[in-house]
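Chain lettering (A, B and C) follows the sequence in which the chains are written, and residue indices restart at 1 in each chain.
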Amino acid sequence: MTWADLSLIAPELALAAAACAALLQDAWATGPALESRSRGPAAAWIALGGVCAALLLLGVRPAGAAQVGFAGMYVRDGITRVVDLAALAAAGLGVMLSPPYLERFRLPAGEYHALLLLSTAGAMLMGASRNLVLLFLGLEMLSFPLYVLAALARRSRRSQEAGLKYLLLGAFATAFFVYGVALVYGASGTADLSRLGRAPDVPLLHAGVAFLVIGLGFEAALVPFHAWAPDVYEGAPMPATAFMSVIAKVGAFAGLLRLFPQALPQLAPAWGQMLAAIAVATMILGNLAALAQSNVKRLLAYSGVAHAGYILIGIASGGPAGSSAVLYYLLVYVAMNLGAFGVLLLLERRGEEADRVEDLAGLLGRAPWAAVVLAACMVSLAGLPPTAGFIAKLYLFRAALQDHRVALALVGALTSVVSVYYYLRVASVALSAGAADAVAVRHSRFAGVGLALAAAGVLWLGIVPGAITALVQQAVQALR
Amino acid sequence: MEAVLFGITAVLALAGGVGVVAARQPVHSALALLLVLLSLAVDYLLLAAQFIAALQVIVYAGAIVVLFVFIIMLLHTRSGEGPRAGAGLPRAGAGVLCGLFGLALLALAAGVRETAPPPAPGFGTIQDVGRALFGRYLLPFEAASALLLIGMVGAVALGKRLRPAGDPSPGRPQAPPAGGPARAR
Amino acid sequence: MAATLLIDAIKSAVILGGVLTAFAYVTLLERRLLARFQLRVGPNRVGPLGLLQPLADGIKLIFKEHFVPAGADRLVYLVAPLITVVAALFVYAVIPIGPPVRLFGREVTLYVADVNIGVLLVLAASSIGVYGIILGGWASDNKYALLGGLRSSAQVISYELALGLAVLGVVLAAGSLSLVDIVRAQSHLWFIVTQPAAFVLFLIAAFAETNRAPFDLPEAEQELIAGYQTEYGGFTFAMFYLGEYVGVITMGALITTLFLGGWQGPLLPPVLWFLIKVFAVVCVFIWVRATLPRLRYDQLMALGWRVLVPAGLLNLAVTALVIVARG
């Protein structure tokens, strides 16, 4: 290990240090009491500081050629950069949107922020891994905090149930992933992703890769590994749901990017078909199931499943076009999904989460800005112009067409049309008159800034996508 | 000699695996698991990984399964028997599925016909493992340490005693919270 | 090949025989010494100086009725004491009792095996030994036995950590996990001098590992009758008894090897030095039992986790720093 190696992982180190600082601060403020007493924003400020430091460290590093460190384990290239950006955006927004909720529902702030930061670091490691061992550890680092976060509301049975469910199914999926790593290693004699491309084409390799897909597909909530998503999304405390809904996708798709278009281009015909089939099933099932939901958390869970299907189009199409579309979509998804959850986080119905669609009624009258942000995010999730969701889907479908996967693009477009119904239903309820009197809106400057940032991202990426498009296209240049 | 030993440990490990699933009492399941782990430790020895073999015994057999046994005994004080949930799959069906899976694996593995080269001198010793851990595998090693930190934070966050809601005074000890997930792992 | 096997077999037999004899006489030693500490006489009727007492005890135990409690899990009930004995005796495969000697024109080492990971094997054996206790307590279908078994295994697991940390300090100082190398590394200075904190830690943890006073809570008769051994009698009881006392001798041998320079010493033959040192440590064990009262259970756990483990970590860090600083 050298200083160069250390400077490569500087953003991850900043996050880990901030996580430890948040824990220690909490312990210091709490003293010997059983439950954390520091519900003030101290932990949030520390976490935000960590995220900003990581962003800064990411920014000062020149976007040059790929740099490999830690004996070939870790690579910092364009893809790493964009994945880091997406993960840090998720963490930053997640931190900014949660304080009012944490305070109201008495969640332990120190643990919450520490776990959030470490999970983010896990997703970043996945995006930078050049070795299956590191990919696996990144996956674990990403998902383990999410299991805990899902169960963090100790007084809520549903939260406990969600955590346990997520843990058990997640452990199962992880076992598949490890088994896949073992099989791939057995077939190719290496866990190094950069050398996997020269592996002999034996059935064992295919079996191993299929197992890897199960592990990553679980985290990304792809059909048929999505069954956990609605229950866990619904049961988990809402800030955890919001954060998990984006960070898990960022990590899982970063892993899929590293695995398929990058490491195994020679097997493209085989896995392209498989992934395309999964993508079609995911899009159809996710969107149809979302139609019937009256709980916004469940609705967004199925919406998350559907979006996983869209993003998978990019992976299945492969090549630079598909990969850059995936990266772009991840950035957009972070902004629009967290924007939507951020508005829900401000609401409260009689001491509970306001997570029914009708709770949103009359939002325009009481919190016009929040209602507008929610509407913008819903429009973006539905993929309508002038928002970012439109551009992102456009890139994906274009990549599919370039790869002559017309069916994929067609199913994507059709299901998007279906999705317009349920997204706009939420938006129209929020913008309608009428009032759900039991629902209170809390105001928080911290969350307000977060919402503004998310909304700005959704509009900016939709109206002037040039800069970010250039960034993601530069990121995948090495794939050509 | 090695093949014979491997045969014995393989049969023992498989028997243990079946025992874990089939045993009626949880404690017997845990003991069968112990058998699996010890057989694997011998397998590691056959693979010239003596340090890993010792760790397998110390960590898995000596700590983790002991904790399993512990929890089982604390939960079912009365001779370790608990309510038995109905199996989701009929036994015969499960057996057939396992057999099919095994056959599929065999067929897959049949494509690989390479014998590994004999290990280099010093392979599997603690010096060798140490060099690998703090050299080539440094980053995964440190990531694993972060993972353990996460596990601890999670266990504490989910396992510590809660004050009853709305009661500001540190009340009497509550019943332990239902299944801290991180603890179960 | 065959000759080596034969030599190994003979060595194993001699060492096992020696350990079992030592076990028998340590029980006598303990009774006589305790008696002296308490100004009593102790058993001195069977044979000269009571030297045949262990034999009499053994015969008595063997001819006692063998029974299994009605609600017991037969298999586990019978296997548990076996595990204890095997784990306790296994350790002697790696403990060196002297340097290689020439016998009948052949170089013979005075240990069964010098493995690269000797210390780890010792720890592994002790961690397997826990099963004897916990399963014995569970299989008896008796609440006192179960509680004793749980207590005892919790105690052993907790203190195993401190024990391991103390050993690691020595391992760092010696630069090897092989017990033979560790003894050789002490040819100039014993580790009790360079690693005093590790020695104290190890000694305390050793008392707890062997379930001896002041940590003999598993058998606190006021609360738990005889703990995990409550339902055992006759020969199976003897096996637990054997496991316990062999454990004491093992700890003596380990302390000798790790901290007291092993077989090394002036004038006397090496093997004798080894035996003398082990004898001295065993006497300390008995002396402590006669002197100190039993701890309360929460005090025991607090001592293990809040004092010994942090101290062990600190010792390890300091040792590592010193070694790195010296280059």
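Heads up, the rule we're going with is that a residue touches a chain if its C-beta (ideal position, glycine included) is under 8 Å from a C-beta of that chain, and two chains touch if they have at least 3 such contacts.
All values reported here derive from a predicted model rather than from experimental measurement.
Novice: Which chain would you call central, comparing Cα centres to the global Cα centre?
Specialist: Chain nearest the centroid of all protein C-alpha atoms: B.
Novice: Please name the chain that ends up farthest from chain C once chain centres are defined by their CA atoms averaged.
Specialist: A
Novice: Taking each chain's centre as its mean C-alpha position, how far apart are chain A and chain B in Å?
Specialist: The answer is 30 Å.
Novice: Quick check: how many Å separate the C-alpha centres of chain B and chain C?
Specialist: Computed from C-alpha means, the inter-chain centre distance equals 28 Å.
Novice: Could you tell me the distance, in whole angstrom, between the mean C-alpha positions of chain A and chain C?
Specialist: Using C-alpha averages as centres, the distance is 54 Å.
Novice: Mind pulling the residue numbers of chain B that touch at least two other chains?
Specialist: Residues of chain B never touch two or more of the other chains.
Novice: Using the touch definition from the top, which residues of chain C touch two or more other chains?
Specialist: Expected reply: no residues.
Novice: Which chain C residues qualify as touching chain B in the complex?
Specialist: Residue positions touching the partner: 71, 73, 76, 115-117, 120-121, 123-124, 126-128, 130-131, 134-135, 138, 141, 143, 146, 149-150, 153-154, 157, 160, 177.
Novice: Under the touch definition given earlier, write down the residues of chain B that touch chain C in their complex.
Specialist: Within the complex, chain B contacts chain C at residues 25, 27-28, 31, 34, 50-51, 54-55, 57-58, 61-63, 66, 69-70, 73-74, 77, 79-80, 125-126.
Novice: Okay, in this complex, where on chain A does chain B touch?
Specialist: 1, 5, 9, 16, 23, 33-35, 70-71, 73-74, 108, 111, 114-115, 118, 121-122, 125, 131, 133-134, 137-138, 140-141, 144-145, 147-148, 151-152, 154-155, 157, 160, 163-164, 166-168, 171, 183, 186-187, 189, 202-204, 207
Novice: Give every residue of chain B touching chain A within the complex, in rising order.
Specialist: 105, 107-109, 111-112, 114, 135-140, 143-144, 146-147, 149-151, 153-154, 156-158, 160-163, 165, 170, 177-182, 184-185
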